[in-house]
Structure formats: structure tokens, C-alpha cells
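Next up, some structures in C-alpha cells.
You will see chain A twice below: alongside chain B first, and alongside chain C after that.
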Partner chain A sequence: MSYILILVGCVFVNNVVLSQFMGICAFLGVSKQIKSSVGMGGAVVFVMVCATAITYPLYKLLEHFEITYLKTVAFILVIAMFVQLVEIVMKKTMHGLYKALGVYLPLITTNCAVLGVTLGNINNDYTFLESLTNALGTGLAFTLALLLFSGVRSRIEGNDFPEAFKGVPATLIAAAIVSVSFMGFAGMM
Partner chain B sequence: MSYLVTVGIFAAIGLLAGVLLTVASRVFEVKVDERIEKVNDALPQVNCGSCGFSGCSDYAEAIVSNGAPCDMCRPGGEMTAKKIAEIMGVEVTAAEPEVAFVRCHGDCNITPHKYEFGGVQSCAACNRFYSGSKTCTSGCLGYGDCVHACPQGAISIVDRIAKVDRSRCIGCGLCVDACPNGLIVVRRISQSVDVTCSSKDIARVTKSLCEGGCVGCRLCEKNCEQGAIHVVDNHAVIDYDKCNNCGKCADVCKIGSVMRIG
Partner chain C sequence: MNDGKRTLYEFTKGIIKENPVLVTLLGMCPTLAVTVLAENGIGMGLATTFVLVCSNAVISLLKGVIPKAVRLPCFIVIIAGFVTFIDFMMKGYLPGLHSALGVFLQLITVNCIILGRAEAFASRNSVGRSVLDGLGMGIGFTLALFAMGSVREILGLGSWLGMKIPVLSEKPMTIFIMPAGGFFVLGCLIALVNKLANRRPPKEISCDNCPNASMCSGQCRSREGV
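Let's turn to the complex of A and B:
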């Protein structure tokens, strides 16, 4: 039961992008097309779950030697490795998606949502399986936010805005409204 | 001793990551055409975008992968085109280098000011305020939007008018879009005569606004043996397909708005 609660909590109530405002850079950068946002979401889910699988035992190791103050550095190192791995694999197997994601793919390394998940697992005293569920849920939440927003964006793309609102301002306003819609879930859990 | 453990742990993580990534990069190796890198090295890396691609590396890829022409790099000019052609093994006739030219010479000595502009020091801002602070509404505003656009520092504001240093200009054309009055054009470097006024006002008005404005007297038109210069929209315009750079139009112009340049 607790796993389902964590999953639902991650995806809807505490949506990583729309409620906690993490990973905004990729959220705005890659949500232009539905295809690339699905690809980005998949990459983030993979990096989050794999990074959690490594960082959880790694934290136990750091705890054992009483050097937990170095957890941020150690976690970033692990995350960077997985991002690099995704990049190498994607370049070979999905070249079109690789080009579409462009700079945002290596930028997953500095996507605070990924680091946020791994650090959050420790702050919340999750067990190993709960951590993995949390990582999966957060990844899915990121994907959901990206998917929703790319849908919204494809609707506003062709519309006739005043000159001053064209492009980035219109996108930001739309992002704010999508975020407000997720406020409806607040306090449910 | 404790720091040794710390260093050891991090070294181990680093080593593991390194090994994993090396294996992955071998397994998932992608063959990249080595000519892309060579062509990229031959390009000047100014990333001005005047070739129509988003940067030098993008252009290099387009040359090798999509067969884009070799001579589109304006900053690199003939030398770069030749180098790229050598790498690609094709013949090329390089385009002649081009330079920007400001079609106005109304500096503070000959064009008076209507008011002192105290707002944001930019041509675009000043132009919105009664079409600029100078009396002539189609001339150079002199706040240097083109100076900021220039990647080579080739434009400077002298006596409140933009001057192009032709030895530094690479002809990328970024200043052309920056000028709110559209005064800047990019010409082939061999064109040594040009009209330094773009006023569309009738002669009486132009005369009252600027001492150096073209009044459309047609002296140049009458004296041109090639029939290359004509008065269009109340100022002289040169047709460079016919012009042979003899400079007679510049000699006969009493106001000095047709000039020899270079």
C-alpha cells in the first residue's frame, strides 16, 4: 500500500515540476514536441531509477565511514555517469531523438529533479524499495508534466498573441496556469 | 587516515564509472565522418550565422552530410572556401569578400539636432521618439545599435554617425538588421562609389534638414556614361550591375552625398 501511496503522491500531489518547481529548464526546453518530451521523460526515468539504485547503497557506505557531508558530490558523480551512458546509447540507437533533445540531454546531469529525488529518498528515510518507487514515480511525474505541457504548447503555438507576449512570455504564462491546475491536488495526502 | 578512505571511495566510484562508460562507448560506437571535424577546423569559428546555419560546426556538418556549398562562409572568404574545397575534393570559385556600408553621412557637423535624447542610449529607442533626435528622420541615429551587433568591433560612432572600418568588417550583415532605419547595406568590396544619403524627402525638405542630404538634382545621372545611377525616391541610387566604379558621379556631386569609398 505504501508503494502505491508514494507513487500517487509523486505523480499528482507533489508533482516534481508543477508543485516543487524542480527541473524547470528541461520542462520549458524540450516540451515543444510530444515525441521529444516522451523521449526526455524516458531518459529521466531511467537516470532517476538507476541513480537511486546506486546512490542508496552508496549513502549507506558513506554513512558507515561518517562522510555523509560528501553525498551531494558522490550523487552528482553517479548521476553524471548515467546521463553519459544514456547519451552514448541514445546516439547509437535513437539518433533522431538524440538530435531533437540536443543540449538538454547532457543537461539532465544538472537537472535538480534527479538530485532532488536521490537526496529526498534519504531525507524521508525510505527503504530501498520505497526509494526505487519514489524515483520511478518522480520520473513519471516529470514525464506527465512534460507531456501535458507539450500538449498545451502545441495549442498556443499558432495563436495570435500580442507582439510582447509572443514566444517565451506566452510559454511561461501557460506553464503557470498548468501549475495552478496541479494545486488542486494539494493537501489530499 | 579517514581522508584516505574518502579519497579511496571516490576514486573507486570514478574508476567504475570510467570503465563502464569506456565499455559502453565501445559497444555503442557511432562512426562520425572525420571530414566534419576537419572542415570545422578550417572555419573561422566566429559563429556569426551569415552562412544561414546556426554556427560553424552546424555548417561543417551540412557541408559534409548534406552537400552544402563550400563558399558560404563570409568571414572566412576565399581562403576558407579553398581549404574546405580541398578537404571535400571539389572545385570552388570563392565569392568576393563583402563589407557593410552606412548610407548616411549626416554627422553632428552637418545634421542638426531637434532635441537632446536622454533615454536609453539605443537607436531603436530614440527612433520611437519623434523618429530620432536628428532633424532628418531617415538618417543615422548615432546611438550605435549596429556597434553592439558587430562581432568584429568594426563599427564605431564618430561625430554621432556610424563608421565602418572596412579592413575589419567581415560582411556578415548582422548590422543590417540592427539599424532601425535600414541604412546599412552589404556591398562587394570592389564597389568603390556609393550614395551616402537615403532621405526620401523632397529636395526642399531635405535641404532644410541636413547640409549633406541628396536633393535629387540628377547631376550624377546626367554625367554617368554607363547609365548606372538614377534618382529613386528623391535620392540617387547606383545600379551595381552597370556601374564600372569610374567615380564621375562622385566628382560632380556638389553636396557630397555621392562618395568614393574604400
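Let's turn to the complex of A and C:
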């Protein structure tokens, strides 16, 4: 039951993009088309789950040596290396998957949502399975926000805004409205 | 431009002309997340400035030593080191602010402004210039966060830096301190800057100011068919 609660909480109530503001750069940059949103979302889900699977035992190791203050340094280094490794392996062995997800992988290293999830798991004292659920849920939340927003953006594309609002400001205000819709979930938990 | 003027320009460009948040649109996550109060904006801004100045200085010193192929992981480790330092200092001396900023203090590590300046400026320029550049960018970031925080606090809570504002505090518009208000205020601020600067706004967040551009070599752009 607690796993379902974590999952629902991540995806709807505390949406990683729309209420916690992580991964905004990718959210605004890649949400132009539905196809690229799906690709980016898939890559983020994959990296988040794998990064959690690696950083959780790593934290236990740091705990054992009583150097937990190094967690930020250790986590980001592991995530950066992991992302590069996956990109290389994918390029060699799984060409189809690489074409679908690969180009988004380098962009993920500095996506704060990934580091945010791994640090959040530690700060919330989740168990290993809860951490994995949290990572999966957060990744799905990111994908959902990206997908919804790419739909909104395709609608506002050719609209006639005041000159100063064209481009990014209009996108941000559209994001505000999408975010309002997610406020409706706030009372659920 | 003579030398003195050029040096001054390195400092001032980050404050207004190339303001990281409002003009080059970097570092949006902390800008939106912590600016519920003007005070938090200043705290986050100063912490980021500290990390930015120190990492710019160290990266500039090491620019001949770090091999090009592994420079990004090296930069990130240097940045993460300073973030850990400021995390400890703030926990010790400003515990209230530390808990208000929460995980975003640790997430300074992946703030695109810092990596972007390391890649675009500090790894190519002298130490003095890099420090000035970092200081200017940091102050620009702090000012933008302070402006955001002030607007949201005044409208959303009816107070400013903790001081109550007589009429507004009776019925504050709570939406402004909620996530939706953050997106809205940032959109309006960028539009305001566009209007004042009287320039064509950037159409999209483009590869030009993306710190990862060198790694993905524009693949993200060609893929989206831009």
C-alpha cells in the first residue's frame, strides 16, 4: 500500500516539475513536440531508476565509513559516469533504443531532477524498494508533465501574444496554468 | 575597449546585460522553487554566488591541467565540493535558511549557470577575470531572485522581508506563493525585461546557452527539427 501511495504522491500530488520545480530546463526545452517529450521522458525514467539503484547502496557504504557528507559529490559523479557509460553501451549494442533515447542522455547529467530524487530518497529515509518506487514515480511524473505540456504548447504556438510575451514568457505562463490544474490534487493525501 | 573598461565589463555584464535568469534563461529551477520569500531569494543567491566565484577561480587555475575529454566530470566534482562546504556553513550558522532552501541548496551542484560559466568562461580566461565574471553573474542571479521573491512575498503573503504591509496583508493572494504563481511571476518578469530592453525575445531556450551543447553537439536541436 505504501508503494502505491508513494507512486500517486509523486505523479500527481507533488509533481516533480509542476510543484517541486526540478528539471525545468528540460521541461521548457524539450516539450516542443510530443515525440521528443516521450523520448526525453523515457530516458529520464530509465536514468532515475538506475541512478537510485546505484546511489542507495553507495550511501550505505558512505554511512559505513561515516563520510555521508560526501554524498553530493559521490552521487553526481556516479550519475555522470553512469550516464556516459549507458550512452556508450547503448550506441554499440542497442541501436534502436539509442536512436530513441540516446541523444537525450547527455542532457540528463545536469537535470536536477535526477540528483534531486537520489538525495530526496536519502533525506526521506526511504527503504531500497521505496526509493526505487519513488524514482519510478518521479520519472513518470516528469514524463506526464512533459507530455501534457507539449500538447498545450502546440496549441499556443501561433497565437498572437503581445510582443514582449512572445517565446519563453508565454510558455512560462502556460506552465502556470498547467500547474494550477495540478493544484487540484493537493487535497488528496 | 581598453583593459580597465574590459575588466569592468566582465563584472557588470552579468548583472544586467547578460543576467543569467532574466536574459540567458539559465538556473530556472532554484529561481522558481525558493523565491517564496524575498529573504530566501537573497540566501540562495548569495550561496550560489559563493560557489560560482570559488569554482570559477579553481577551474580557471586548473584549465591547463584538466584533460579536455573529462572536463565536465572534473568541473562537477569541483563545484560539488564547494556546495558541500556552503551546505555545512549554512547548517551551522543559518539553520533556519538551511531548512527553508532544503534540497535546492545541494542542487546548486547541477545549476546550469555554474557549469555554463565554467565551460564558457572560466576554462578560457585568467583567474582575475573569472572571479569578476563569477561575482557579476552571482550578483545578477541574486538580484533576479530577490526581485522574484519580493513580488511573490508582497502579493502572496502581504509582507516584505518579514515586515507586514498594512492593506495587502489582510487578504493576500495566496496563489502567488504556490507553484503556479512562481511560473506566472517569472514569465511576467522576463516579459518586462524584454519590454524594457526593447529587444526581440529569445524564441526558445536554445542550444546557444545550454551548457550541455558541447556534449550533445546540437543533436537535440536536429532531432526536434528546429
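The definition used in the following text is that the second predicted complex is superposed on the first by the 167 of 189 C-alpha atoms of A that agree within 3 Å, B and C clash if a C-alpha of one lies under 4 Å from a C-alpha of the other, contacts with A are read in each partner's own complex, and residues count from 1 in each chain.
We take it that contacts are C-beta pairs under 8 Å (C-beta built on N, C-alpha and C of every residue); 3 or more make two chains touch, one makes a residue touch a chain.
Only a predicted model underlies this, so the values are computations on that prediction, with no experimental measurement involved.
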Between chain B and chain C, which makes contact with more of the residues in chain A? C
State whether A:N123 touches chain B only (first), chain C only (second), both chains, or neither. second
Would you check which partner chain A:S179 touches, where first means chain B only, second means chain C only, and both and neither mean what they say? second
Going by the contact rule set out at the top, does A:L5 touch chain B (first), chain C (second), both, or neither? neither
What is the contact status of A:L77 with respect to chain B (first) and chain C (second): first, second, both, or neither? both
Between chain B (first) and chain C (second), which does A:I34 come into contact with in this model arrangement: first, second, both, or neither? neither
Taking the two structures together, which residues of chain A meet both chain B and chain C? 70, 73, 77, 80-81
Within the complex, which stretch of chain B touches chain A? 2, 5-6, 9-10, 13-14, 17, 20-21, 24-25, 28-30
Sort out for me which residues of chain A touch chain C in the complex. 18-25, 28-30, 32-33, 36, 39, 69-70, 72-73, 76-77, 80-81, 103-104, 106-107, 109-112, 115-116, 119-120, 123, 162-173, 175-177, 179-180, 182-183
In the complex, chain A residues that touch chain B: 58, 61-62, 65-67, 70, 73-74, 77-78, 80-81, 84-85, 88-89, 91-93, 95
Chain C residues within the chain A interface of the complex: 25-26, 28-30, 32-33, 72-73, 76-77, 80-81, 83-84, 87-88, 103, 106-107, 109-112, 115, 175, 178-184, 186-188, 190-192, 194-195, 201-205, 210-212, 215-216, 219-220, 223-226
